[in-house]
Amino acid sequence: GARAAAEEFGADVTVQAAKNYGPADQVPLLNSVLARSPDFIILDPTNRTSLVAPLMDVASQGVKVIAVDTTLDDTSMLTARIGTDNVEVGRQLARALAEQVGPEGGKVVMVGSSPGISTVDQRIQGFEEEIATIENIEFIGTQYAGNEVSQAQNMFSSLLSANPDLVGVASPSENPSMGVAGAIRNAGVSDTVSAAGVDASEAQIELLREGILDALVIQQPYEMGYQAVEAAVKVANGEEVAAESGTGAIIGTQTNIDDPEVSKYLYKGSCI
Amino acid sequence: MSTIESSKDNAEVNDPAARPQPSLLRRLLVDRPEMMIILALVIIAGFFVAVRPDAFLSGINIRNMSIEAGMMMFLAVGMTYVIITAGIDLSVGSLLVLSGVCAVLVMRMIGIDHPAAPWVGLLVALGCGTLWGLLNGFFVAVTRLSPLIVTLASMGIALGIARLLSGGVDITGVPRSVVNTIGIGRVMGIPVIFLIATAFAVLAGVILHRTRFGLHTFAIGSNPQAAERAGIKVRRHLVMVYAISGFCAGLAGYITLSRFASTTIAGHSMDNLRAITAVVLGGASLFGGVGTMFGTSVGVLIPVVLASGLVIVGLPSFWQEVAVGIVLLAAVLVDQWRRSSRSR
Amino acid sequence: MASPILQARDIHKSYGYIRSLQDASLEVFPGEVVALIGDNGAGKSTLTKALSGVIRIDKGEILVDGKPVTFATPQDAREHGIETVYQDLALAVDLNPAENVYLGREIPRPGFLGKLGFMDRKAMQRETERRFRDLGVNLKDMRSAVANLSGGQRQGVAVARALIWAKRVVFMDEPTAALGVAQTRNVLNLIRRVRDQGVSVVLISHSMPDVLAVSDRIVVLRHGSTVARFQKGDAKSDDLVAAMTGSLQMEGAA
Amino acid sequence: MSTIESSKDNAEVNDPAARPQPSLLRRLLVDRPEMMIILALVIIAGFFVAVRPDAFLSGINIRNMSIEAGMMMFLAVGMTYVIITAGIDLSVGSLLVLSGVCAVLVMRMIGIDHPAAPWVGLLVALGCGTLWGLLNGFFVAVTRLSPLIVTLASMGIALGIARLLSGGVDITGVPRSVVNTIGIGRVMGIPVIFLIATAFAVLAGVILHRTRFGLHTFAIGSNPQAAERAGIKVRRHLVMVYAISGFCAGLAGYITLSRFASTTIAGHSMDNLRAITAVVLGGASLFGGVGTMFGTSVGVLIPVVLASGLVIVGLPSFWQEVAVGIVLLAAVLVDQWRRSSRSR
Amino acid sequence: MASPILQARDIHKSYGYIRSLQDASLEVFPGEVVALIGDNGAGKSTLTKALSGVIRIDKGEILVDGKPVTFATPQDAREHGIETVYQDLALAVDLNPAENVYLGREIPRPGFLGKLGFMDRKAMQRETERRFRDLGVNLKDMRSAVANLSGGQRQGVAVARALIWAKRVVFMDEPTAALGVAQTRNVLNLIRRVRDQGVSVVLISHSMPDVLAVSDRIVVLRHGSTVARFQKGDAKSDDLVAAMTGSLQMEGAA
């Protein structure tokens, strides 16, 4: 998305991804990028608190910062923020799952990756808050499977064995949901267990079409990237931009995934 | 003790008959190196069965554990060879990913519905793994660098290439037939993955323990110079051992594809340590020369049973990590106790 | 005298700045025991390794039956019937004695399995036990790893292995260094028996009494060069010491 | 070569004067073990300076690299001691996290604005790290388990406990004064973290290379039995060495807090391998007995410079992983070449 | 004769089922060289280790100057002036000779730094060089690691280390096993010199000529028991061999 916008607006964009999604890897990366003295830095902060100080530093260098996706404790140094509220994503995830499970309700569970990544933590937080308010649904807790897909599969299979009456599962990011899907496929319970996830990678959409995953809360990374660069260009041209702007998220299901309305939000190839 | 003919009169001191006879149990535990670790496994599994027999022994859990163990076994087979030569291979997880990515890309290229696609994909995965293993082996054997550093570097390179090729996102394009026959296939209720893994492990075990190739592997780990002087081509053998490890990673990569119907680029960073753990739990020594394929297969089972069982008994997520560490430590402790009681 | 079966001429070998061998020569005639003696660092082990294919020589000629050969690997030397007991024994301590004896020349299973690389462990074990008995090497437990044997027992395994395979020449680099008096006597007897069966022995030892007791000829190395040769009976212990330490200059001749 | 008096006449062969004199350059490279790796660092840094002098040498980049290297140095200091004893410590990353979590929790308890909070937090972090290190050391030294397995298990346990304590989410509550003076503080433009790390490394280096404690560390790695017979209390010493590594992890944990103003539970899973890489790049042997603190500090710099420089020259993200692996391999290759040319 | 400075009475030691020592006794008088001989596995090294504090004995008594002592660690034995050259040398091969000599008794820096554990490397190096010169141990490079020395040179370092520190008794477990004739002669001379300075030496060797040449008394171990004792001049080589191998039963007496 960012690249497309860059072409459109004639800006020069370089993309860097940290090896691990966490502040310990992101901060040095940020600093190295800064050494190239760009005009703008667009980033997806991995931690609400940890990035405040480094970004202050960045801002004091006269570089303008645009945050996408995750927010920060202190937003004063940001030129603009574009993104989804991840707590809200979590709530949507809960509602989507509840809808898939249907009115009879039953036990549901959350399979997460590793704790300590604020995007994911917030989604889990939102999910837990929202699911508690939904009637008929009994939430039996969050299990962390780490980033290993097979561990998530192993974990969810065990959960299924321990709770044969499980009717739903949610996962806040891609790897756990792939593992959960593997377990569902293997156990052949795709009809009885509803699964909801976040994001829409090629693999997840494939699983959605297959009917193993039932709902995806799809953010709009393309849109986010696009808007971020757009905002940057606007600021560069001296135009005003809104300090906060959201792109919202949309629920994808097997039935609507091929609608053009939805598919335009899907990840387009490589976006990191 | 003395040697060569004249030593006969020594027998008076060391004659077996003169020794106090150890109890049968003790002899079993002490003389069969794998007994202790099997005992540990039995205790662990027994505990879970006692607490939640329904859930732990449910078809779904057994099947899942067998798949999980099977997957890890592929990597552990190669790692057993490598560790017996006193080496180590940190690159297996990345290589698994890279082989998978290459296979998917090639299968997509020839069309995933093409009837030959599954076979071509398999060949690509195995070829890619083996080739990479050959490279590892080359650096270890010919330039004599530390295997830890070589495979650490090649781990990073392989993952980087995998991400370059895939653009950093997981790609789909695994023929359905592969997913159906291997990934979720069963024969008489037994997961195909488990069957393949078992057959593979048995084959690898037979080669390790019955053939010249296997004997040479032990000899090299035990004393590379002696092996060299006995006429074994040590370098070539080492290259082959790392190639085997690469082949195993390639196979694991292909089967992972069939399991998840897509690549899983980000999810294998701990595979190397898990495979090493399994091999060491199985009684192999990181200093080389010692290890059995049977021990490794028990060593693979322990973490799998533990992970699954702890979820089933409902231990909260974070406690599980703590428990896994403690049980691991306990398992090697009893094993250590056995060894020291043998050497005494 | 017959012509030599193994001959080394003017061998040179350097490790970096250290010249281990310069102008070393040795000839081994059929059915004799040659003692190779010299001070520490004289180059005895280096010469042994050169003639066993373990190291490559820098200069010089090796002839087997008068024909020049190159030993690139230990395998090459073995194919000419040359076996070696190395000073450091060169055993794989995690393997058992039979596996050590057959390492690199395992007995294949009969039939197709053998082609695939399967070994006949039973045959190897049986043969080893038989040969050890013949040689008078007496281990309590033939199946436990060499790591569990004492230094003397390991020495026995290494000696037995070389004797089992040797067809023409056995090099023995200080085979009795760690052995007691009785064991040493036993090895010396073995050497004589092997010689009587027509296999030549090159014995390296620092013990002059042993050397004098068993050898037909004595070759002295000093600073990497062959400085003296003695025939049986020609030499007294003092002469040998003098030749080794350099007080006697180049008087014996081939 | 021969010994003891009578060997004098040997001199004729091995007299230094008789040897061909090696060139000065060659002598420098061969005799100073660290020369080669410094050379590698200079080449790498030189390359980046040549390509983007403005960016690479900019204040912000230099500061950033110095902070990064400083952080890794804390862990590498402890790892150097451990590796010299022929051990390994995989638990440092988890322990860093655990110490940080404990420190924050205690600081919150006494109130983060309490004037003593920073000091209490520091004590808690150091105490927690040291205690854990003592436990690692106990298992390695007293029960004689393989350090790899012990620290692998304790790595999982420590991370599990950290997550249990923090409830799985990063917690804030680091006194601002700590963040300001340490985390982003500078003295004459030099980051405080770098200054602390340098002082710490120098201290640790002096202890390693100038004191009895250091000498005993080398002796144990070289031949534990000989050390024992020389009257060194080997077990106690090993426990202390692992405690030092734990102490370093605790210190690193506290400073990480000051840097990020919160715990960073995720993101330290590779710290162990990174620290080991730095130590091995610095010339230490995993078989023990060899290593220098100076070498380690150069070994720490290489990956940092490489990572930063590759971003600056604009190499795409995934290429960087590949490049890091290749440069790593190249660096150890030249080092290997040096060693073999010395031993010849 | 004076009373023994070191005495071992009825020492028993088993490793699992293997009884290494049963009823071994040894006494060392001031200023004498005692040879301790026996076949491979007779228990010589085990007795040496027991009297050096390396292993604990199962039964029996150790007396120093007639007073019972327990050696729990090598440190305890050293404090009684007992030093040992182990059969496996026990050198830290990555350290240099001076560091090996002073390992465990480093010279502290003067003043406060010394209290902190700082060593005076220069003094250690200087002292070591001086003592090596005195002892006639001649190394080319005193600063390079022991790993770079030849087997014979290492032997020299180990012997020198023990001689430097020994105040009362030195155990030497086969100190000449790897040495050439000249080097062996040198070590035997060293032993005599040390004895003349009043330090007793316990020499373990398989070489009967060496044993006869240097020792004042000979103690024979067989199967872990002390089976014979000879005074200088009483024993011929054949008697010793007979005692070691058991053809001669318990005839010499203390």
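Letters are used for the chains, namely A, B, C, D and E, taken in the order the chains are written, and counting of residues starts over at 1 for each.
Keep in mind that, in the parts below, a residue touches a chain if its C-beta (ideal position, glycine included) is under 8 Å from a C-beta of that chain, and two chains touch if they have at least 3 such contacts.
If you're wondering where the values come from, they're calculated on a predicted model, not measured in any experiment.
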Path length in steps (a step moves to a chain that is touched) from chain A to chain C: 2
Chain at maximum distance from chain C, centres defined as averaged CA atoms: A
Where chain B and chain D are represented by their mean Cα positions, the distance between them in whole Å: 30
Inter-chain centre distance, chain B versus chain C - centres from mean C-alpha coordinates, in Å: 41
Between chain E and chain B, distance of the C-alpha-averaged centres to the nearest whole Å: 48
Numbers and ranges of chain B residues touching at least 2 other chains: 1-3, 6-7, 14, 168, 269-270, 317-318
Residues of chain E touching at least two other chains: 39-41, 150, 152, 179-180, 182-183, 245
Set of chain A residues in contact with two or more other chains: 17, 144, 272
Residue ranges of chain B in contact with chain C within the complex: 1-8, 14, 16, 207, 210-213, 215-216, 218-219, 221-223, 225-232, 288-290
Chain D contact footprint on chain E (complex, rising order): 52, 54, 73-75, 78, 84, 86, 88-95, 99, 103-106, 108, 116-119, 121, 136-140, 149-150, 152-153, 155-156, 179-180, 182-183, 185-187, 190
Chain A-touching residues of chain D, taken from the complex the two chains share: 52, 54-56, 58, 60-61, 63-64, 67-68, 163, 166, 168-170, 172, 179, 183-184, 256, 259-270, 304, 307-308, 311-312, 314, 316-317, 321
Touching residues (chain side chain B, partner chain D) in the complex: 90, 139, 143-146, 148-150, 152-157, 159-161, 163-164, 168, 269-270, 273, 276-277, 280-281, 286, 317-326, 328-329, 332-333, 336, 340
Chain A residues within the chain B interface of the complex: 17, 141-144, 146-151, 153-155, 157-162, 164, 174-175, 178-179, 181-183, 185-188, 201-203, 206-207, 210, 267, 269-272
